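Chains: A, B, C and D, in written order; residue numbering restarts at 1 for each.
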Amino acid sequence: MGQSLSSQLVNLLAAFLLLIAFAMLSQRRILTLIRLFAWQGAALTASTLIVAYTTGQVHLYFSAALTLLLKVLLIPWVLHRLIDRLQIRWDVETLINIPATMLIGIGLVIFAFALAAPISELANTLTRATLGIAMASVLLSFLMMIVRRKAVPQVIGFLAMENGLFFAATSATYGMPLVVELGVALDVLVGTFIFGIFFFHIREQFDSLDIRHMEKLKQD
Amino acid sequence: MQAVSSPLSGSLIVAAAWVAIAALSLAPSGNAFFARKFAFPLGTLAGLALTAFGLQAIWLAPEQMTLPLGLPDLPFHLRLDPLAGYFLMLLGAVSAGVSIYAAGYFRDETAGRLALIALEYHLFLASMALVILADDAYLFMVAWETMALSSYFLVTTDHKLPAIRSAGFLYLLIAHLGAIAILLCFGVMSGGRGDYTFDALRAAELQPRWATAAFLLAFFGFGAKAGMIPLHAWLPEAHPAAPSPVSALMSGIMLKTAIYGMIRVIYDLIGNVRWEWGMVVLAIGAGTTLFGVLYALMQHDLKRLLAYHSVENIGIILLGFGMSMVFVGFGHPAAGALGLIAALYHTLNHAVFKALLFLGAGSILHATGLRNLNSMGGLIHKMPQTAFYFLVGALAISALPPLNGFVSEWLTFQTALQAPILKNGVVRSLLPLFAATLALAGALTAMCFVKVYGIAFLGRPRAAPTQVQTAQEIHDAGLMERFGMAWLAAGCFVLGLFPTSFLLMLNRVSVSLTRQGLPEAALESNWLWLVPIEPARASYSPIVFLIVIVCVTLLTFILVHRYYHGRVRFSEPWGCGYSEQTARTQDTADAFGQPIRHIFGPLYLMQRHMPAADDAAPRFSLKIHDRHWYWLYLPIARLTEYVSSKIALLQQGKISIYLLYSFLTLIALLIFVR
Amino acid sequence: MEIALVLGAPLLGGLLLALVGHKRWAPELNAAMSLVTLGAAAMLTGRVIADGPMTAMEEQFFVDPFNVFLVALTAFVGFTTALFSRPYMRIEEHHGRLNAARLRLYHSMYQLFSFTMMLCLLSNNVGILWVALEGATLSTVLLVSLYRTPASLEAAWKYFILCSVGIAQALFGVILLYFAAEKVLGAGGTALLWTHLYQVRGQLEPTVLSLAFVFLLVGFGTKVGLVPLHNWLPDAHAEGPTPVSAVLSGLLLNVALYAVVRSKVLVDGALGHNFSGGLMMGFGLLSVVVAAFLLSRQKDIKRMFAYSSIEHMGIMTFAFGMGGPVAAFAGLLHMTVHSLTKSAIFFTVGHATQKTGTQNMADIRGLIEQSPAIGWGLILGSLAILGMPPFGVFTSEFMVLTTAMHEQPWATPVLLVALGVAFAAIFGKVQPMVFGETNLRRLPHPPALVPVFVHLAIVLMLGLYIPPYLVDWYRQAAALIG
Amino acid sequence: MTDAPGIAFQILQSVFVVFAAPLLLGWANQCRAWLQNRSAPSILLPYYTLAKLFHKDAVIASNASPLFRITPYVLFGCMWLAAGIVPVLATDLPFAPAADIIALVGVFALARVFSALAAMDIGTSFGGLGARREMLIGFLAEPAMLMILFTAAFISGSTQLNTIVETLARREFAIYPSLAFAAVAFLMVLLAENARIPIDNPTTHLELTMVHEAMILEYSARHLALIEWAVAIKLFAYTTIGIALFVPWGIAAAGDWGALPLAFAALAAKLALAGAGLAFLETLLAKLRLFLAPEFLSTAFLLGVLGMLTHFLMQG
C-alpha cells in the first residue's frame, strides 16, 4: 500500500468519521445511536490499522486492537445491556431542533477546518488534513452533549468525543506513547463503568434518565 | 540594659510584653487567675513605660530597626520618630488609665470571658503600638488589621445580643474596606517600583495626579477608621457595644491611630501637600463635626452619645489638620505647623477626656445597669467621685477653660485667624467659616454635656425602682476604677494647664515632619504663657486663669461668709410653688434635644409617635435615623445585591447550559488565538 | 525510592481498604496510610531540597522544588483530613447517613484519590498527568454521590460530565503538544516528558502551542474551577461528604492549577511573550469577581466556601498569569495557605453541620457558645480566608496585589472591590453562625479539631514569619515557573 | 507687664467693675421706667436688693448637691475674671494676656454651663426647662459672638483685646464697614446673652417665656444675691467689650494715672448712653417667641460673617 493510497484511505475514513458524527447529531433513536458509535469505533480502528501498517509503528497495532476491543465491542455491548436493563428505548429528545443543530454543526466544521489549516501545513504525516476533521468531530460531539436531554446520549456524546481525540492522536501524530494510550483507555473503561453505575443510581432516585430532573442545584 | 535604653527597643519590648500578657491570659488556670489578678495591672505598667519611651523619643533623632519577621523581601521595619513617639505616649498614657480601670471593672467576669477579654484587650494594645512603630507597608497593614480584628472580638464580647452582632459586622466590614483603600494607597505611592518600605515611599516623587489619588485613598481609608462622615456609620454602633474600658480604648486611642496614619501618609510619605487636599479635609471635617454633635444631642443612650461625640471630635481634629494642609499648600509652613499642632493636641486631649467619659459611663453601667439617660438621675448622690471625674471630662470636652479641650480648640481658632496671610480670596474667607462651625460645635457640645450631666448625675432618679437595681445597690466605682478615672482626669488638668510644654513637644514633631515649626517668638515665651505666634497676637495662660478664678471665687466665698452669716435651711424644692413635682416632671434626654430637633429638623430622619388627646396611657416615642443609611449604605448594598442577582442568573442548574458555557469559552478562545 | 513509596502507599492503601474498608479500624488504617505517604513525602522533600531536581524510572517521574512542594502539601493535608474524617465518618455512620459498604468505598477511594494526585504531580509525562487527573475525577465522583441523595447524585453527575468533557479538551491539547514536540524531539517516549519539553521549549511551533494552550487551559481550567467553567464545583463541594470537600478544595484544585502552570511555562517559552499569562489573568480576574458576587447569595455553608475556593483559585491563576518571581512566589504561598485554611474551614464546617443537622446557614447559630473550638475555628478560619492579617492568606494577597499594582495597575481596583464584596458576604454569613444563642446537639464522637488549629497556626505563622528554608524552597519553585 | 502700677490698675479696675456693675443695671431700669412712662425706681435699687438678699437665710432644697451650692460662687468668679480682663479703664493690664477674646467667650460659656447644671440639680420641671433654653440661646449666640470678635481680630491682627483696643483707639479715624456689621450683630448678641428683651424678659416669671429666671428659681438669699450680682457684672462686661471694640476712644494705658480721670469720664458717658440705649431698645421691641430666637441669633451670626467677609473684600 503506497503512501498516497493509504493517505487517501485515511482521508476517506476521516470523512466517514465526520459523517457519523453528523449522523449522531441528528439521530433520534438511542439504539441507532449506539450502533453509530460502534461504527465510529470501527472506522477509528481501520484508520489506526492503516496508519500502523503504513508507518510500521508497532504500538499502533496495539492501539488499534484496544480500540476495537473497547469501542467497537465492549462499550457498545455494555450500553446495549444497560438500556436493556433500564428499558430505555424511547426516542431521543433534543433541546434545539435537529435542522438548527445541523446548521450549527456545519458552522463548527468550517471553523475547525479554518483553525486546523495552518497547523496542517506543518504536519509531515501522511494524513495532514485529518487534524481538522478530528477537531471538527470533537466539537460536534461536544455540541451533541449540549443539545441532548437524556443521560445516555450525553454519555455517548462523550465517548464519541473520545473517539475524535483518538483519531487526532493517531492521524496527526502516529499515536501517543503506548503507556499514555493504555492509561487513556483505562480511564475510558472505568469511566464507562462509572457511567453505568450512575445510570442505575439516577434511575433509582428519579425514575428516569432525563437530566431535566437534575436541575435542582442552582442559584436563586 | 542597652536594649531598654533605646526608646525604640523599649517600645518594642512593651508591645511584646502586651502580647505576652495576652498569651498568658489564655493559660488555663483556676478561674483565670492570671487574667483576673495580674493581666491588667501589668498592662498598666507597660503602658506607663511606653509613655516614658514615647516622651523620650520625641526629643531624639528618628531611630530605625529591622526585625527578621514578615515577608522575605520585606522584613518588618520599625521606626520611631517624634510623631510616632508622640502617639506612643498617647497610647501609653491613656491605656494606663484604662487598664487600671479595667483591672477593677472586669473583676467579676466569668473565667472564660475574662481570659478572652484579657487576651483580646492586650493584643489590641500591642497592635496599636505596632501600627505606630511600623515603617513598612506590610507590617503596617498587619498591625492595622490585627487591631481591627482584636477590637472586633472585643466589641462582640456580648455577642448574644443581635444589635451587638450587627454592630460588630458593620465595624469590621467598614474597617476592612478602609484597609483595602489604604493598601491601594500604598500601591499608588510606591508608583510601580515595588518597594514598600516607608523610606522608599517617602523618597518617591509622585506626579500630582497620582499624589492626589494617593491622598484621596489615604483619606478614605483612614477616615473610615476615624469615623468621619459618611463612613462613620459603624462608630455609634460599635463603640457602645463594647465593654466600657474597650469603648474607651477604641474612642480614645484607636481612632487616633487613624489620625496618626493620615498624618504619617499625607505629610510624611506623600509629601508636597496641596491646598486643595486641605479644602477637602476641611469640608469633610466641618461636616463631621456638625453631624457628630447634632446626632449626639439626639441620643439618650449614654455610650452612643459619647460615640457620636467621638465623631464630632474627629471632625475637629480634621479641621485643624485641614487648615494646616491649606497653609502648607500655599507655602506658609509656620501657620501650617500651628494647625498641625492644634490637630495633634486635640488628638491627645480627646483621647484623655473621651476615655475618661467612657470610663465614667462604664461605672454608671456597672452600678445601675443603665445606659439609657432617660432612666437615670441623681447619681451624684450615690457616686460622688465618679460624678466629679465625669464633670471634669464633661467640662473638658465642652471646651471650657481652663481644661484641656479648650486649649486645642483655641489653637485651632488661632490657626484659622491666620487666614489673612493667604492670597487666595475664597480660601481666605472660608477658613474663618470653618472656624465658625467649630464654635458652633463647641457650644452644642456644651449643651449636650449639660444634658448628660444634668440628667444622669443631677436631678432625681427617673426610673421606677423595678427598672434599676434597688437604690442601696448603687455604689460608687471601686478603687481601681476610681484610680483610672483620676489618672485621666488629672490628664485633663495637666494638658489644660501646662500646654506650653506640650506645645514644645509638638513643635518638635512638626519640625520633624515638615521641617518647619512655630516662629521663634512663640517658643521663647515661658511656661506660663501659651503663645502660638507672638505675644501681641494672642496668648493664653491657663494657670493664671485658674489661679485668678479660684482666688476670686474663694475670695467671694470668704467675704460672703465673713461679712454675712452662713445660715442654711433645707426644705422641699420650691418649683414655683407647684405641688405636683415628681421625678417624671423633669426633663428627659429626648426633651432636652427638642429645640435642636426643631431647628435642625431637616437633618434628621425622625420617627415620632405622639400620644393622642384621649390616650389612656400616653407614651411619646422617638427614633432618629441616620440619613446616610438611606442615600449611601443601603443603595450600595442594593447595588451589590442587584449585580449578584444578575450574575446568579448564570447558574441555572442546567447541565446543557453549563456545557454550553465551556463550549462557548473554547470557541471564543480559539477565535481569539486565531 | 521515596517516589515509589509516595505513590505506592496510597495505592496499596486503596487496594487494602477496598477489601477491609468497612471494618471498625478502617479509619485508623486510612490515617496510617496517609501518614506513611506524608513520611515518604517528607523524605522526598528533604532529598530534593538537598540534592536538587531528580528523575526516576527512565525519566517517567521527576521531582523539582515546584512539584515536591505540592507533594508535601498534598500529603500533609491528606493526612490531616484523614485524621478529621475518622470521627467525622463515624458520626455520619452513627447518624445513619452511611453504611459499612459505603464506608469501604469511601476509604478506598480516598486513598486512590491521593494516589492519582500524587501521580499527577510526580509524573514527568504529560499524558500520564492527564490520565491521573482524569483518574482523580473518577475516584472522587463516587465520593460526591456517596450519600445517594437526589442532590448528591445530581452534583456528582454534573461533576462527572463537566469535568470529563473539560478534561477531554485537555487531551486534545496534549495531543497538539505532542504534535509540536514530536517535530523537535522525535516520536516516542521523550516527546511528552516535561523535562525534555522544557529544554526545547524555545523551538516548539508557536501556532500549535498557542492552540494547545487554549485546549489545555479550558481542560485543566475546568478542574481548577475557573469561571465560566466552574459550574460543577459548588455542587460537588456542597453535596459530597465534608472530608471530600476539604480535599477537593484544598488539593485537587491545586493539582489542576499545577497542570495549567506547567503548560504555561512551556507555552511562554515557545511564544516568547506572555500570551498565556494574559489568558490566565483574564480568567483569574473573572473568577474572582464572579465568585465574590455570588458569595452573598449562598444559603448552603459548604457551597459558599466552594465559591470562596473559586475566588481564591482565581487569585492564584491571576498571580501565576502575571508571572515574575514575586507573583509566582505569592501564587505558591497562596496555594499553601489556601489549602491549609480552606481545609481547616471545611473541618469545622463539617462538625458544625453535624451538630445542627443542616448545611443551611440560616439554621446554624451560636456555635461558639456550645462548642467554642468549632466556633473559634470557623470564625478565625473565615477571617483568615478573607485575607485578614495576621494570617498568611493576607501575606500572599498582599504580594499579589502589590505586584499587580505595578504590573497590571488596571486589575488592582477590580481585585480589591471583589475582595471587599467577598468579605462582606462571607463574614456576614459566618458571624451569625458563630455568635448568638444556640441549641445544638452533642456529637456521638468527640470531633477532631486538632487539625483545624494546627492548620490555622501554620497559616498564622506564615503571616508573620516565613522560615528561610521555606522561602528558599518557594524561590526555587518560583524560578522554575518564572 | 507685671509692674506695680499695672497691678494697681488691675486691682482698681476689678474692684471698680464689681461695684459699678449694679449701677449700670439700675440706670438701665430707671431709663426704661421713664421711657415706659412709669415712675422710676432708684438707680441704687440693685444695691438694696443685693443687701437684702445677703441678709436673708438661705433655703436650699434638701436634695441639692454640692454643685448647686458652689455654682453661685463660680458664676461670680467667672464674671469677675471677665471684668478683670476687658480693658474697661485702661489697656495693658497685667492679667489681660491670660485670656484673649476667645478665652473670654470661654469664660462666659463656663459660667453658662455651671448655671445650667445647677438649674437641673434640684430636679424640678422649671430647672430643666430653663437650662435647656439657656443652652439653646448659648449655642446660637456663641458662634455669632466669635464671628464678631474675629472681625475685630482680623482688623487688628490679634485676638488680644488689648491689642485690638490699642489698634482701634490709637489709629486715625476711619470707617470700617465691617465693624458696622459687627456692631449690629454684637448688639443682638448682647441682648440675647444678657437675658434681655426680645429674647428673654428679666422681669417675668411666666413659665412659657422665662429662661434665665427659670434656672435660678431654687436659689435664695446670698446665693441668689451672688447670681444677680454676677448677672449685673456680665451686662457690664458685655457693654464694656462693646465699647472696647467699637468706641474705644479715651481709654488710658495701665499705669498712666494722668489719663485716668479722662478715661473715667469717657467710660461714664459711654455707659450712660449704652444703658439708655438698652432701655430704649427694650421698650421698642417685643419679646419674641422662643422659637424665633434662633432666627434672631442666626441673623446676628450672619451679620458677623458678613462683617468678616466685608473686611476681606475691602482689604482686597
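Everything that follows uses one rule, which is that contacts are C-beta pairs under 8 Å (C-beta built on N, C-alpha and C of every residue); 3 or more make two chains touch, one makes a residue touch a chain.
These numbers come from a predicted model, not from an experiment.
Participant: Starting from the defined contact criterion, work out which chains touch subunit A and subunit B both, please.
Facilitator: Under the touch definition, subunit A and subunit B have C as mutual neighbours.
Participant: By number of C-beta pairs in contact, which two chains lead?
Facilitator: Among the chain pairs, B-D has the highest number of C-beta contacts.
Participant: Subunit A to subunit C: how many Å between their CA centres?
Facilitator: 31
Participant: Which whole number of Å gives the spacing of the CA centres of subunit A and subunit D?
Facilitator: About 101 Å separates the centre of subunit A from that of subunit D.
Participant: Taking the mean of the CA coordinates per chain, how far is subunit B from subunit D in Å?
Facilitator: 35
Participant: So what's the Cα centroid distance for subunit C and subunit D, whole Å?
Facilitator: Centre separation, subunit C to subunit D: 78 Å.
Participant: Listing for subunit A: what residues touch at least two other chains?
Facilitator: Where subunit A meets two or more other chains at a single residue, that happens at 115, 142, 145, 154, 211, 214-217, 219-220.
Participant: What are the residues of subunit B that contact at least two other chains?
Facilitator: Each of 648, 650-651, 655, 659, 666, 670 in subunit B touches at least two other chains.
Participant: Could you please write down every pair of chains that are in touch?
Facilitator: Those chain pairs which touch are A-B, A-C, B-C, B-D.
Participant: Enumerate the contact residues on subunit C facing subunit A in the complex.
Facilitator: For subunit C paired with subunit A, touching residues are 60, 125, 127-128, 130-131, 134-135, 138, 141-142, 145, 148-151, 153-158, 160-161, 164-165, 168-169, 171-172, 174-176, 178-179, 182-183, 187-189, 191-192, 205, 207-208, 211, 234-235, 238-239, 294, 297.
Participant: For subunit C, which residues are in contact with subunit B within the complex?
Facilitator: Subunit C residues touching subunit B: 157-158, 161-162, 165-166, 169, 210-211, 214-215, 217-218, 222, 228-229, 231-232, 234, 279, 290, 293-294, 296-297, 326, 329, 366, 368-369, 372, 383, 386, 388-390, 394-395, 398-399, 401-403, 405-406, 409, 412-413, 416, 419-421, 423-424, 427-428, 431-432, 435-437, 463-466, 468, 471, 475.
Participant: Within their complex, state which residues of subunit B touch subunit C.
Facilitator: Residues 68-73, 112, 137-138, 141-146, 148-149, 156, 159-160, 162, 165, 168-169, 172-173, 176-177, 180, 183-184, 186-188, 190-194, 196, 640-641, 643-645, 647-648, 650-651, 655, 658-659, 661-662, 665-666, 669-670, 672-673 of subunit B touch subunit C in their complex.
Participant: Going by the contact rule at the top, pick out the subunit D residues touching subunit B in the complex.
Facilitator: Against subunit B, subunit D makes touches at 54-55, 57-63, 65, 67, 70, 73-74, 76-78, 80-81, 84, 95, 97-100, 102-103, 106-107, 109-110, 112-113, 116-117, 119-129, 131-133, 135-136, 138-143, 146-147, 150, 153-154, 157-160, 163, 205, 207, 217-218, 222, 226, 290-291, 294, 301, 305, 308-309, 312, 315.
Participant: Help me check something: in the complex, which residues belonging to subunit B touch subunit A?
Facilitator: Contact set of subunit B toward subunit A: 648-656, 659-660, 663, 666-667, 670, 674.
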